[in-house]
Structures are given as structure tokens and as C-alpha cells.
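The following blocks contain the structures, represented as C-alpha cells.
After this come two complexes, each holding chain A, first together with chain B and then together with chain C.
Entry: the complex of A and B
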């Protein structure tokens, strides 16, 4: 593991019978960054996360989190002392009150931050005496986030953290993520909400059908991805514009829409050679990159 | 705090089971105590207490089966296992605490009904020897340990809020039924729990020798079942 990577996996895979949920994922998550782990429903995000936390045993490959092997049970216990995790469903113990839940969780961590706990209790307006079972999904999510944020962990792993939150809750959550990261916590969160990732992420990983199909910094994506609108009098074969870096081509009438992850200049040159009557280049947002990446694979 | 969690998780079922066991015992001794004491005096009442103990053993098996049905698989069914497994605690530790809490509750389910029966006997004017009550409780727990670990094992293997207790009770019933014959009866944990061996109907007291060897054998089997439960959960994908 390199010194700047907090999560590193090599050819990590998980099969359930004949179904391959995760296929040879090699992931590197750098420290002190916010990494968005994107993918459609059922892409294998939660399975990957659970393998990182030793909740699921990998069928193949290996992985390290904070320098500890995810296969080693003893390492895993030590590791979980430094990693905070918010699960996909945010289910907690329904028979405990909010206060009991906080007291219970706090007892496991010496790095618990009472100031953060108090601040978030006030921000999220959580009722201390209410049973967890009687909380709404949004309130339960807020409680799960509080339990993770108040620990000031080295690594924070969140699985669909905004699910169940209202717009204000999402805003508060994103602000908390940025604040945590600025205090030195590495954040790795899965989502299929692209705008959230676009707002806070430094690095973006896209998982599709169990495979890692993109692993790049958001800045690199913004710089290298372009959409080209090419208009021809006579539309050429798609193969004639398929240069290295072309992610997708869509032809409608005389117009060809091409998304590239690089080599935009080369494609512009090629379009002129093919007598394009109009060439328009526009930047591409993460949403388009995501859609093209998962549609094209 | 894991002990506190285990207590909060099971306290409702435990209180219901405890009230049920005490009520069962008191109901029988109050209903038939006067008649038994009236016809045969002290021995009659002591016989009755021994008979009620056998009924208590049956209730106890049902109660501990339901009490042991919690754990990680149950939490998985409601979605809370991810939170538990993210805590810096090994699966073995989680299971030890849960089993420990279940065992303590199982002891209480044997002891408290007997305290109630002892009090009744004292009030009725025929104080029952405390040592005899302790001996009954010890027999119940020695044989019962096997049923306790069967329930623990099933809760570690079978998912489902209703399936697991049904399977566990089914296995316990089959075990008792299969070991009912004369030759096999001595290996029947249910028989040991009821204290049928070495009981004198004439005095209403246990007079036989303590079955340490059988108790030890049940403890060894229980330890084996516990180890299998731990291995099963350690290898389970949550």
C-alpha cells in the first residue's frame, strides 16, 4: 500500500453462486480526499464496501484498509476502531432511545467528540428520549450520520448517505462531509445521486455490473471529457471518427454527438478532414460522464 | 455496553418468560397444594413440587428457545447487523455476550420460580429443603444447557423470525422423543432436567447420586454446539 492510500484493493471479487456481484475491482482511495463511489442500483457498491469492512468475505483478490488486511479477523477489529461506517439502510437498534444509542456507540471509541455530538444533535433536532424504532427514516439517517461524524475517524465510509434525507438534510450532510474532510478524515461514499458527488467529491469511481469502469479525479474528468456536436452534409461511418478516447457516439440525422474522455483535438481535426459543416465542443458534466460510462459498457 | 445492549434487546421477552414460569408454578401449587398436603402431608406437597418442577423444565425449554433467538442473523433480518458488525468488536465477543446474557436469564428462569415455590411451601407449613431445590435447579440447568445451545446454534444457522424457533423446538422435541427408550433414557437431557432419576415418591425428595458424568457429557456436547455456532457466524456473509 502506498503511503497516501487508505483503501487499496487488488482484483477484489465476490460471487454468489454463478452471480458475480463484484468482478476484479482494483481500487485506490487517497487519504484526505472525498471519493465518490458511483454506480447504478445493484452495481456492487454495497458488496464492495462490506468486503472492505470484513462483513463479507471476498471470493478472490485482496484488499487493505488503513494498512490492515481485510481478510484478517484481528486486523479487522482494530481497523473498525478507526473507520466509521453508515450502512445503506441506516437501521439501528429500534429498542434503544436516541440517547441510549449515542451512549452505547460512544462507549466503543476513545476519540469521540462530544462537541460534534452536541452540535449535530442541535442541527438535526434529534429527540433524545424517543425510541429509534419510532423515528422517521430521515431522522434515523441523521442519527446514523451523527454516530459516524462524532467519532472523528481516520476513514469515513458512507453507503448512500443521503437516502431518506430532505433537501435541507442533504445540504447539512454535505457540509458535514466537507468539514470532516478538512479536519483530516478521508471520506469514501457510495451514491447514485450524481449532483451530490459533483459538489463535494475530489475523486470519482464508477462501478458498473461489478466492474470498476472509471477511477479519476473530478478535475481530470472536467478537463478531459468533452462533448462534440458534429454536423455533416453526408454522415460518415461511425468507425471513421472512433479515435482513442471516444466513449460514445450517437447519430441523429446529419448530426453526430460524440463524448470523448481525451483526444478531443484529434477528433476535431478528423471531423474537419471528413468535411464537417459544424463542430461544436462543450464541457461535459459528471452526470453525462456517468450516463455515457454505464451505457457504453 | 454490549451486556447492556443484550439486556435491552431481550428484557421484554425475559420478563414475560419469567412471569409465565412463576405463574405456571404458583398456579399448580396453589391449585393442588392444599389437597396434596391434606392427603399425604409433607411428602404429598413435596411430590407436587417435584411434579411442578417437571412442568417448569418444559416451560423453561420453550422460554430459553425464544430468548436465544436474537443475535446477528436476527439483526440481519431487521437490517441492524451492519451497525453491530462495524463496531470494533469481534464476532466471537458479540456471541459470547449474547450467550452469557441468555445463560444468566436461563438461570433466573430456573431459580425465581423455585423461590416462589419455596415461599409457598414455607407459608403452607411444610418448608421445603433449600438444598433439594438447589439440586432440582442444578439438574434443570445441567440438562437444559443442551437445549440452550441447540437454540443458540439454530439461531446462528437459520434466518427468519419464526422459522428459527420452530426448527429449534422441533429438534429439541425430536431429541427428547428419540431418547425416550429404557436403554437411552439415561442420555435424555429432558429426563435429567425433570429429576426423574433418584427421586423417591415416598419422601418426595431426590435421594440418588448426583449424575456428574452425564452432566459433564451434556456440557461437552453443549460446548461443541457453541463452537459450531461461533464458526458458522464467523464465516457468514452479512
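Entry: the complex of A and C
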């Protein structure tokens, strides 16, 4: 599988007056992968996405999407043809019916996938004759997803796609993401829902207070992050267990809880050298990794 | 074959899938010539990235346990190593039973024994060496 980058930014920044919403973000999103863009509310995810889509101008840094510069007006028109975007507020024409909205969108794209349109219409159970304005939040989201998926874009950017969906809706959305990735579309979706990212994503980027604090494959996270519960009869200095890879240490009485992003074997050895009376190793889920990254920095 | 992937066990999903397919072959659920679902079908079924399934299949093909036929999918190829694998697992089980017996005799309770195994199994050195 080729792994060229479809999104690449260097020190991308955006300030609103004195507020730095995005600070020096350098992203590289590989093609044919599903990348989850995680962060708390207000971390700068939507601002970053809007810069990638040339909807707002960066205050600093540069970026390329599908090889085209994001601050070139000519390129931006070209890009809009190849990049599908489902925004946070799912902007649709309220006065149209679902059917009209689909027909209207379809008219812009010569390679519209009728098969995907039909499949999603029936999976999402969208009412064709209802006015878009009268749809529930979940239905609007599903319609917006259908319009983006059926375009068969090279790159699909979704801002909080699960917002407003019920658990079944989320499952169907994730299934569509997976199917779309199989068709060769690169997917970049923002979310603050860890479990959905943990299942489908190949790569995880975590944005916190405008900074990219983690950019790693989920395979690497699963393989290298560990939590160690150490028990010492004589508790050593925290500095003596701070080997490379230690992310956090919490000492309570004779117990020490250490989270590492790698080198767990090194720490186990160190713990034995320090005469630990018990060493317990447990895997660390994406939720804990997220919390560690967000709380620590 | 039915698969079950757990995103929080600290084992990459593609490795879990590989293990389950291997186990399927060892236990006889999967037999020589059986066809596995296509990458896309299985990815949608498990709701995981298709890259996860592709990686598992390609590693198993490398091991010789799967044969990828272009356009037709993945087929189990277990003629040679099945008997060998089964005897290996059988042997290991016997050894584990003896070892656990020794631990119990030494006064360790099952929880402690389980923890000892877990620490060793979660030691990432082994995984890193295999890369």
C-alpha cells in the first residue's frame, strides 16, 4: 500500500487577536489510511480543518493538501472538487427535500456513485420527501455523510461526524468510513469520542491547546504504552525510575504507578534492581493515553 | 469463522486477528483450502480499518498460513504446518500445566501465577525483536 502524504502542514498557526487557536502544527496524514484527529472541545481541531480547506487563512506556517498549497486561491478551487468535507454544523439547504438535496449535489459530480447513494439511503433510512429543515440532528448528519461518501472523494475530512448520532448511527457511520477507506479514500476525522477512534483509526493525532501533542499509529500505541504498578518496601526516589519513555509517575504509600510510552522492559528491569516486591504490567487504552497527554502538557 | 477484536488489550488489532486465524487453524475451525472473507468484507464486518485486515493477511501469507489469490481472496494453506502446530501447542500445554503445578506446590496462588504470566507476556521486548 502506498503511503504518500495527502495532508502535510509545517508549523501551521492561527491567532485571533491575542488568542492562539493553533500553534505550530506539523501534520502529515498518509494516504489510504484512517486518521483520527482528537482533542478536547476548543483544542483547535475545527480551526485546523478549516485552514486545510482554505476556509480561513493561516497566521503562520504552510500546508499542502493533495500536493496543492492551502493558501493558493486557484488550487483551492481544484481541491474542493477532490476533497469532501462534512462540517460540524452540517450545512444543507433547509428548503429542499432530502431527494432534491441529493439530486442537487449529484449534479456537481460526474463520478457520483449511485450504488453508494442507494446503499446509504437504505442503511440510514432517510425519508426522501421530507424537507431538510425538518430533519432531526442525526438525520441531517446522515444526509451530510451520504452526500460526502457518494462523491467518492480522494480525501474525506469530517469534523465531529458522530455528533448528534445515536449508538446505531455511530456504528453505521463507522462502517461507512471503513467501506470508504476500502474504496481508496483517505479519511481524516476529528472527534472527542475515544472509543470510535480506537476501533477504526490507523493513526491518531491529538491536539491540545492548539499544539499537536501526539501523532502515532494505534499499533505503536498498543505495543509501547504500558502502565506499571510497582510495590516497594522502601520507596525509591521518583527520579530513579524515570527512564526514557516514562510519561507519568504517581506514588501513593509504597505503591508507584508509572505510565510509559515505551521501554517498559527497561523499567521492569530497573524496578527489579530497586528490589520491587511486586511488578504488575497492564496495557494502556487510548482513553488513558489521551488523558495522560492532555493532562500532562 | 467468527472473530472478536478487543481494542484495549494492548495488542495491535492486526496481531489479534493473526492470532485468531492461527488459532482457528490449530483448532480445526479453519482447514486447508477454506476461504476467508475479503479484506473489505471483514473490515466492514469488524468495523476496523481495512489496513488492519490487509496487514494481518499479508503477514500470514508471509508465514505461509494464507494464500492470497488475486481477485479471489484469502485461502488457508495449512497442509504442512497443521500437524506440527498442533503438536507444538499440545506440548506447550503440557509444559504449562507442569509449570503451574510447580508454582502451586511452591505456595503461589492462581492470581499470582496469572500476574507472573501477564508481566512476561506484556513485556514488549519480544514483540520488538520480532519486527
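Just so it is clear, the second predicted complex is superposed on the first by the 293 of 297 C-alpha atoms of A that agree within 3 Å, B and C clash if a C-alpha of one lies under 4 Å from a C-alpha of the other, contacts with A are read in each partner's own complex, and residues count from 1 in each chain.
We adopt the following convention: contacts are C-beta pairs under 8 Å (C-beta built on N, C-alpha and C of every residue); 3 or more make two chains touch, one makes a residue touch a chain.
Given the structure is predicted, the values throughout are model-derived calculations rather than measurements.
With the two structures laid over each other on chain A, which partner does A:152 touch: chain B (first), chain C (second), both, or neither?
Touch partners of A:152: none, neither chain B nor chain C.
For A:56, select first, second, both or neither according to whether it touches chain B, chain C, the two together, or no partner.
A:56 contacts chain B only, not chain C.
Between chain B and chain C, whom does A:31 touch in the aligned arrangement: first, second, both, or neither?
A:31: touches no partner chain.
With both complexes overlaid on chain A, does A:285 touch chain B (first), chain C (second), both or neither?
The second partner, chain C, only.
Is A:108 touching anything from chain B or chain C once the two structures are fitted on A? First, second, both or neither.
The first partner, chain B, only.
When the two structures are overlaid on chain A, which partner does A:268 contact: first (chain B), second (chain C), both, or neither?
second
Quick check on my understanding: which residues of chain A belong to both its chain B contact set and its chain C contact set?
none
Which stretch or stretches of chain A touch chain C in the complex?
1, 32-34, 171, 174-175, 178-179, 181-182, 195, 198-202, 218-219, 222-226, 262, 264-265, 268, 279-286
Provide the residue numbers of chain C that touch chain A in the complex, in ascending order.
7-14, 39-40, 43-44, 47-52, 54, 115, 118-119, 122-125, 127-128
Show me the residue ranges of chain B that touch chain A in the complex, using the header's touch definition.
1, 4-5, 8-9, 78-83, 85-91, 234-235, 237-238
What residues on chain A touch chain B, complex-wise?
50, 53-57, 73-74, 77-78, 80-81, 83-85, 87-89, 91-96, 100, 103-105, 107-109, 144
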